[in-house]
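What follows is a set of structures for review.
Shared between the two complexes below is chain A, which pairs with chain B and chain C, respectively.
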Partner chain A sequence: MNVFISTVGVHLKNTLARPMFQVVLVVQPFVVATTTYMVYRDAGVDNLAAFVVLGGGLSGIWSALTFSSAGDINRERYYGTLNPMLASPTSLPLIFSAKITANAWLSLLALAISLVYSRILLGVTFGVPHGLAFFGSLAAFLFSASTFALCLSTTFLLSRSTAIMQNFLEYPLLLLGGMAFPVSILPQWVQALSAILPMRWGSEALRLALDSAALGPPFWEALGWTMLTGVVYCALALFLFGRIEYCVRREATLELV
Partner chain B sequence: MNNTPTVIVENLSRVYETSVGVIKRRKRAIEALRDVSLQVHPSEIFGLVGPNGAGKTTLIKILTTLLIPTQGRARVLGFDVARQERQIRPRINFIFGGERGLYWRLSGQDNLRYFADLYRVDRKIAEARVERLLNMVGLWERREERVEGYSKGMKQLLHVAKVLINEPQVLFLDEPTIGLDPVAARALRELIGEIRGRGVTVFLTSHYMWEMETLCDRVAVLKEGQIIALDTPANLKQFVRGLKVVELQVLGGLNGTDERLRSLPYVDSVSVSASGHVQTLRVQTNDAQATVAEIRAALPDADLSRLIVRPPNLEDAYVKLVGGEA
Partner chain C sequence: MRGNNLLDSMHRFLRQSIFAYRALLGWLRPRDYLIMKVLEPATQILFFSVLGAFAGQDPAYFALGNAVRAASVGGLFGCASVMLNERRSGTLQSVTASATPLAQTFIARSALQGLDGLTTTAVSFVLGVTLFGLDFSQVHWGWLIVALLVTSYAMSGLGILVATSGLVGIDLNLTMNLAFSTLIVLCGVNFPVEALPPALQVVSRALPLTHGLAAVRSIFAGDLAGVPGKILIEAGLGMLYAAAGYLLFRVTEYRARVLGTLDLV
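Showing the complex of A and B:
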């Protein structure tokens, strides 16, 4: 537990000292919230707040988490700290889980910024009719998106092209995961593809928790899928870390920059 | 006293596969280590020298469980490096030369605390150890400053403190004094001596031969992935027994003098190293007098006050062994 807590602490210190992370955390919610507001302002949707605030907040969370999967690994590679990390008695999944947890906490700021911005500048009021369901869904979203990011981090460990992969994956997954816009506006075949992403179910559960109507089976279904896919990705990440550690020791790719 | 070797390497080989070409990519195998065997004894300072690319870092990476050998076997403290890495890791530590391997945005103290946690050192013990180690390397007063503000020498000393945080039984130091100024390098060498005094086995690589001669009990010479000599520094110098070294510093070109000297029957080997505009010519010879006369004739304008004749040292033995490569 000490290692987990100190890794979270070290990661928070390192991350908050980085100007680029501050930009991602603060600017992205503004951009996405404004874009979403412009798109939906005259569309006559019932819960504009759900689209604007969640759109901005969730995309901020997602960007922060992909940073934890890719950017952080790249930085550790550049600092030369991946080798001491691998050669220490602490397991890599524990270290990376702590790093992603730290980023998940920080990313909640994105949601808060999106909320305040939408309220003050766009005049969008954000009510939470089902508080417990909303915060439960938010916790489930963070858990499942973090396990998905943990999975991504294993593949990023193998390759030195992490920055390219991060940029390549960030936006398609943002759209496929229904974080900026609900996936229901995407073509059917794309929706089917997005079903394997825990973020899709998490963002759907969050939107349904903001609906003033009573919580029905679709909410519980979305929440259930969020948790289930989160657990599946967690198991997959643990399996992949075991394999990837062997691969980097065999292929000698850990320190290539 | 336990005389079981701390490190046992048996017929170890390591091949790297790389791709060449852009459109039509072809795989190419590079043999970094070939059939390497050696043993390192408890509390020994064991040196490994060789030209760049000889395989020194690869061998250290295998012994520190960062790489898996392609063939052969290596055991550290009785554990197999390929399969029992979890048993080895808490008991060893390592430095790869240079400034990397630290968190620059954290203070020196926070770096040590974090690595103590990674090595599962109890918090109370860790606090006392961090203080002791920072005092030992002379960084206690600067402990709260971010590492990015440290000089290269301070970072290297912090590395030394870092690798002692888990009180390792074996320490692997890959060119730990590279790029350090003479004072910092001397402080580091003294520390290495102190560390061995505590019963730690040290596996050391360096390009500075006098450093290896001073510190190491035994030295292995690695060339193109193979060990070509392994003995005490005194015994390695036997390779150049009976020879004298004529050394001359020349400002400017040598005008082919080195080539001419190589062709002389009494000259054993010639090496040239450059530092800025100054070139140092080293000639290992059976006849120092005739060699000096030859140099006088070939370089009439050279300042011969910079010419010395001396008995050979470990560096001369190394140059002879690796065939002129420094």
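Showing the complex of A and C:
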């Protein structure tokens, strides 16, 4: 636990000091919130506030998580500390879990920025009729998005093209995650693909928690799937870390990808 | 003798352009090129087009805006990315210390990125036609190619300006991404410039992508009357940005030498 807490502490400071992370926290909510607002404003889209604020905030959270999970590995590799980290007594998944936990906490700033930006500059008011359900869903979203990011970071261990991959993965996951529009408008096969993403269920649960109507089975179903997919990705990440760590130790390819 | 010098200079310029283009765009690893120039723009176009379709608007409008934006971003990122890579490789000091002015070196290295934008455009247009019904029936191909090339090279002008920020200690990734995001919001990519507040419309009209994209939209609508004017403004803005970038490059190069900030990011 000490290692975990220390890593979270150090990573919080390091990450917040990085200009690129600051940009991701601010820019992504700005782009998505502004675009959804300008496009949806005159279209009579129901629940505009949820799409604008949540669209900006959740896409910011996701971008911060994906950019960091990929970037953290790349940075450690660039600094030459990935090998010592692998050789240390603390397990690699624990260190990266701590880093991603810190990223997840910091990424909440994106939601706050989206909220303030939408309220002050776009004039979008945002009410939370089911506070407990909303914050519970937000915690579930963060947990599941973090475990998914942890899973991604294992694959980045094998790749030198992490910067390219992190740039590429941003928009497909925003599309499939239904953060700025419901996935129900996508073709059936794409919906099936998005069902394996925890962000899709998390954003759905959050939107339903903002609806003033009473919480019904769809909300609990979405929340349940968010948690379930989060747990599955957590288990998958641990498995992949074990396998990939074994492979790169045996083949000595950690720095040779 | 003078003619030979000119030919030599042009040969060096071209050689630098080709080497930088091949290195930057991952020609050594075609998979990276495919991701950067095909898959990434395609997913961005899909995202914004679906967003537009959800609002009951014509997704082809979004597909076209994002296709042109995606294509011209190569011009913007080219020069700055070359600078970023030189710093990462530890060769920026050597390049700065060489006899050729830094600005000329980087302009040469980013020269082909604008042209390469046409690859992205072609892929984006195929996607626009197959998924979102982008209509080419009114298109005048000659004007379309001119408009796309001018827009792409105008963005290279902005790219040169952005690259100068790297010489004074500002994180280049930061400025590149700020510029990229500003263009998405302000240049009429996903909604008309007229929908912006008046102050932002002024900013929008001073950015290189706005007029080029407006020209492309007019070409698709079959309305060629205002196209030459828009292309001329786009070209003028691109040259203005490039000239400002060149001057700033020379100044910041001098300052970076004096302050010792060349490798301090």
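The working rule: the second predicted complex is superposed on the first by the 254 of 257 C-alpha atoms of A that agree within 3 Å, B and C clash if a C-alpha of one lies under 4 Å from a C-alpha of the other, contacts with A are read in each partner's own complex, and residues count from 1 in each chain.
Basically, a contact is a pair of C-beta atoms (placed from the backbone, for glycine too) under 8 Å apart; a residue touches a chain by one contact, two chains touch by 3 or more.
Since we're looking at a predicted model, the values are computed, not measured.
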item	value
Partner chain in contact with A:Ser88 - chain B first, chain C second, else both or neither	first
First, second, both or neither for A:Leu215, with chain B first and chain C second	neither
First (chain B), second (chain C), both or neither touched by A:Val231	neither
Touched partner set for A:Ala139, first chain B, second chain C, both or neither	neither
Chain B versus chain C as contact partner of A:Asn167, first or second or both or neither	second
Touched partner set for A:Gly80, first chain B, second chain C, both or neither	first
Which of chain B and chain C A:Leu109 touches, first, second, both or neither	neither
First (chain B), second (chain C), both or neither touched by A:Leu186	second
Chain A residues contacted in one complex by chain B, in the other by chain C	none
Residues of chain A touching chain C in the complex	19-20, 22-24, 27-28, 30-31, 34-36, 38-40, 43, 45, 161, 164-165, 167-168, 171-172, 174-175, 180-182, 185-186
Touch list for chain B against partner chain A, complex	16-17, 61, 64-68, 86, 89-90, 92, 94, 96, 98, 100-106, 110, 113-115, 117-120, 123, 162
In the complex with chain B, residue positions of chain A that touch it	2-3, 6-7, 10, 13-14, 17-18, 79-81, 83-90, 95, 246, 249-252, 254
Residue ranges of chain C touching chain A (in the complex, touch as defined)	26, 29, 31-32, 35-36, 39-40, 43-44, 46-48, 50-57, 171, 173-174, 177-178, 181, 184-185, 190-191, 195
